[in-house]
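Okay, so chain A shows up in both of these, paired with chain B first and chain C after.
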Partner chain A sequence: MSIKKSPIIENLRKMQMIELLSKERRLDGRSLTDFRPINIKVGVIQKSNGSAEVSVGNTKAVAGVKIETGTPFPDTPDQGLLVVNAEFLPFSSALIEPGPPDEDAIEVSRVVDRGIRESQMIDLKSLVIEPGKLVYCVFVDISILNMDGNIFDAAFLAAVSALLTTTFDKKIAKEDGSFEVQKCRLPTRCIPISITSITIGDAILVDPTEEEESVQDSRLTLTFNDQGFLCAGQKGGSTGISKEQLFKIVEISKAKAEELRSLVKKVIENA
Partner chain B sequence: MYMVLVRTRVLPGDLLHDSYTGIAPPNTYKLGNKLFSLKVGLVEIDGKDVKLIPLAGPYIPRVNDFVIGKIIDFDAFSWDVDINSIYTAHLPAQDVFGREFSSQTHSLTSQFKVGDMLAAKIIAFDRTKDPVLTVREHGLGKIVHGEPIKLSPSKIPRLIGKKGSMAKIIETKTKTKLIIGQNGIIVVQGPSEGIVLAARAIHLIEEKAHMPSLTNMINELLTKEV
Partner chain C sequence: MIDENGIRLDGRRWDELRPIRIEVGVIKNADGSAYIEFGKNKIIAAVYGPREAHPKHIALPDRAIVRCRYHMAPFSTEERKPPQPTRREIEISLVLRRAMESAIFLEEYPRSIIDVYVEVLQSDGGSRCASITAVSAALADSGISMRDLIVGCAVGKIDGQIVLDLSDYEDKEGEGDMPVAYMPNLDKIVLLQFDGIFTEEEFKKAIDLAILGNKRVYEILKKALIEKYFGTVEEK
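Right, the complex of A and B next:
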């Protein structure tokens, strides 16, 4: 549910931001490559198969996973389904109007879906009950509870943390044709992490706030898997990125992804 | 008879006085002869007078208030100004261009663009009309440099202090200039180190506005840092 208006940032604040950027500093005192404090809570929704609530600074997202059985797509009869949906709740920001998901919300769900799919985090082939007839469908629903920039990474962390703690009742076929139900974890292979950076002039800023996003030139979201391989990306914003800048963003994002992955691992181990 | 003690915290609907004569003071209301609180606040009793100091709440415009606003929109004859209130204020183009203003010959964006900040005074406001602003006085008009900071409007008196003492301490210790709007927007002008320090002092006021030793705390913070 969302139709988003863009915020009007005071010109004075923009000037202050650009002046500080030349000194490699940001309005909230962070360095250019620092994330805001990240807080991950798993198992927040009782009735879901897996869930997580993530806050990155003031940005807050909650993800819930539901696993049901259904028919596979005709072109992939030997694979389970993954469906990711994201919504901006009307109370998440003063600038959101209620309504069906607009292109910004759809972009969030597409970027999260692509990151999870292309990193091959979920072993979809193991989610088949009867090839071509019956498979498990993994529904990931993300709600943005509060908006202060970098919705992509908050949504992605929430989705990944929820998937990592997902358990479901697996039907195992017996020889006589009946099924045995067994509780098991969702088969995952890796922990993909997405990192969003924006450029303002020559400066590269990781984890932008809403204020910074409103003055951005371009935005780049990159997803890395456990081996540090780049597996998905999304470019936004109105201007291009130079080759040098792109390589620099990849380098910074790769290091940041490693940092965030150890954080997620710690949370999952303690859960 | 007063039903509360001096400096007690009250909630909306709390009984303050059981037989109050006279008009209900601001932030209170009367039902029969009983006086009730209308806001979350602190009670100050001075002889027969009762005063309710609100601890929280939005900015309610009053005529002659000095406010700092942000241009959010404009049409052929006026600008819309966000004054951090539940009401959007208007600045008529005639106020800036004079009586010979014509929407054909004058361009509103030549004076104020969307996102610009301005210091203004409220010249008219009542229940039938949104607040109207003026910039035709000394010290009013566009603010061209500095950093805007928000503070709860109910805490602005604490930031100013007795006869401006608190604002003066912050200004001299951080070598900055504060433009304080009654609506809870403050523009800090000066060197960027000073702005960062002044912003921290203002955030401390936001957190600890109700404490009696606030001036000392601010003094300590600023002396330690300088």
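Right, the complex of A and C next:
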């Protein structure tokens, strides 16, 4: 994705961008720490157990949750399964071709997976029907519909919003050994939020567009839980980052995560 | 996992690394190679290139491209790992490649490709950190120009405490793991991933500890490279 681009245009754009950055401005008029407009719609796919469509500026993602039963992993017999998968649809950008997920798509699924898992958003221990034999599997599939930078946060918001509105038919064992089916909400404990920033020189830009990403030095995706603790992170970009800049990004992202969390809360309450 | 005397399960203190051994130039056919033992990790990294890019259309007019394959041998883990690459291996190949791109002077080798292969013969905690150290030794051995060497070492959180260099068991049972790769002379972090709960203070402490650990790995790496090219090093 990032490999095939005209370096001449990139360098000119980069110069223009850096000139603006010295005045703390961006090409689209935002301040350095502003997100683009975020729009979250839940319950868009009726056949899924939970779903959400999210747009962050022109970046658009849809996530659907399916809950099925299956066998647990041998090393975690007392836990349900969480499987996250992300796909860049071929029409999402001129640079994407059909085929199995490439390394960039795999990175998105794994970063979203870690954020949800490590924040302990889902109580996987409560998703056991018979220990070691039968558990619920939570499949979160994310499709990227349109790409304009910051795929990570759009995918993460879609996944989290979908999970927060997920319901499923829970089998409850009765005394005579038979099962009763009851519609339940997926048990969630918190709302994890991921914030992606990039650095260009000394400047730190939150929620980069694709154009900004194409001239980035480093990228950093950080996930925070409700208490504002870090629970997952991933560096991207092919340039090193200093410790001081890293700590600065943690500080900015922590405040941003609060903002986004109240937005998600509002959407879920009104759903 | 830490007893009342502050000793971990394998006898180390919180700020101690596992034993590390690095040997440079182990694969004769490759342009550069290195072998690393990092705790129970046994990893070989080898470099071919810069050479003509193939297929040709992937070449770039102004710089080299780097291709990296991190692979774990089927016998490297407790349970056999199927030989085809997993999502984890593809992701690690990606983060290793980015770390290398930060260090290599790519613009010195336009239109060419640098192939880097990493094979994990036996895995333990922190295999990606051990891998990047071996990779940078192999790149140095191949003579490719670099801004700095890269060293890697993980930090983590066990029993609520930030400790250096998690073992396999500590990684699985602990509360958090944070692999960090670092360019010691430029003072830049080139690989950072983490999972597990860290407060802002713990995060900062972890980064500081990782840099400290990495500086020690750097001394070992430097010594291994000097040994390869100048014979045994005299102790200071």
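Throughout what follows, the second predicted complex is superposed on the first by the 259 of 271 C-alpha atoms of A that agree within 3 Å, B and C clash if a C-alpha of one lies under 4 Å from a C-alpha of the other, contacts with A are read in each partner's own complex, and residues count from 1 in each chain.
By definition in this document, a residue touches a chain if its C-beta (ideal position, glycine included) is under 8 Å from a C-beta of that chain, and two chains touch if they have at least 3 such contacts.
Keep in mind the model is a prediction, meaning the values are calculated, not measured.
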Chain B versus chain C as contact partner of A:E130, first or second or both or neither: neither
Which superposed partner A:E68 touches (first chain B, second chain C, both, neither): neither
Touching partner for A:E97 - first (chain B), second (chain C), both, neither: neither
Partner chain in contact with A:D169 - chain B first, chain C second, else both or neither: neither
Partner chain(s) touched by A:E258 [first = chain B, second = chain C, both, neither]: neither
Which superposed partner A:R13 touches (first chain B, second chain C, both, neither): first
Chain B versus chain C, judged by how many residues of chain A each one touches: C
Which superposed partner A:E24 touches (first chain B, second chain C, both, neither): neither
In the complex with chain B, residue positions of chain A that touch it: 8-16, 19-20, 29
Complex interface listing, chain A residues touching chain C: 3, 7, 103-104, 106-107, 109-110, 114, 117-119, 220, 225, 228-243, 246-247, 250-251, 254
Chain A partner contacts - residues on chain C that touch it in the complex: 58, 60-63, 65, 87-88, 90-91, 93-95, 98, 101-102, 176, 183, 186-200, 203-204, 207-208, 211
Residues of chain B touching chain A in the complex: 70, 72, 82, 113-117, 143, 145-148, 187, 192, 195-196
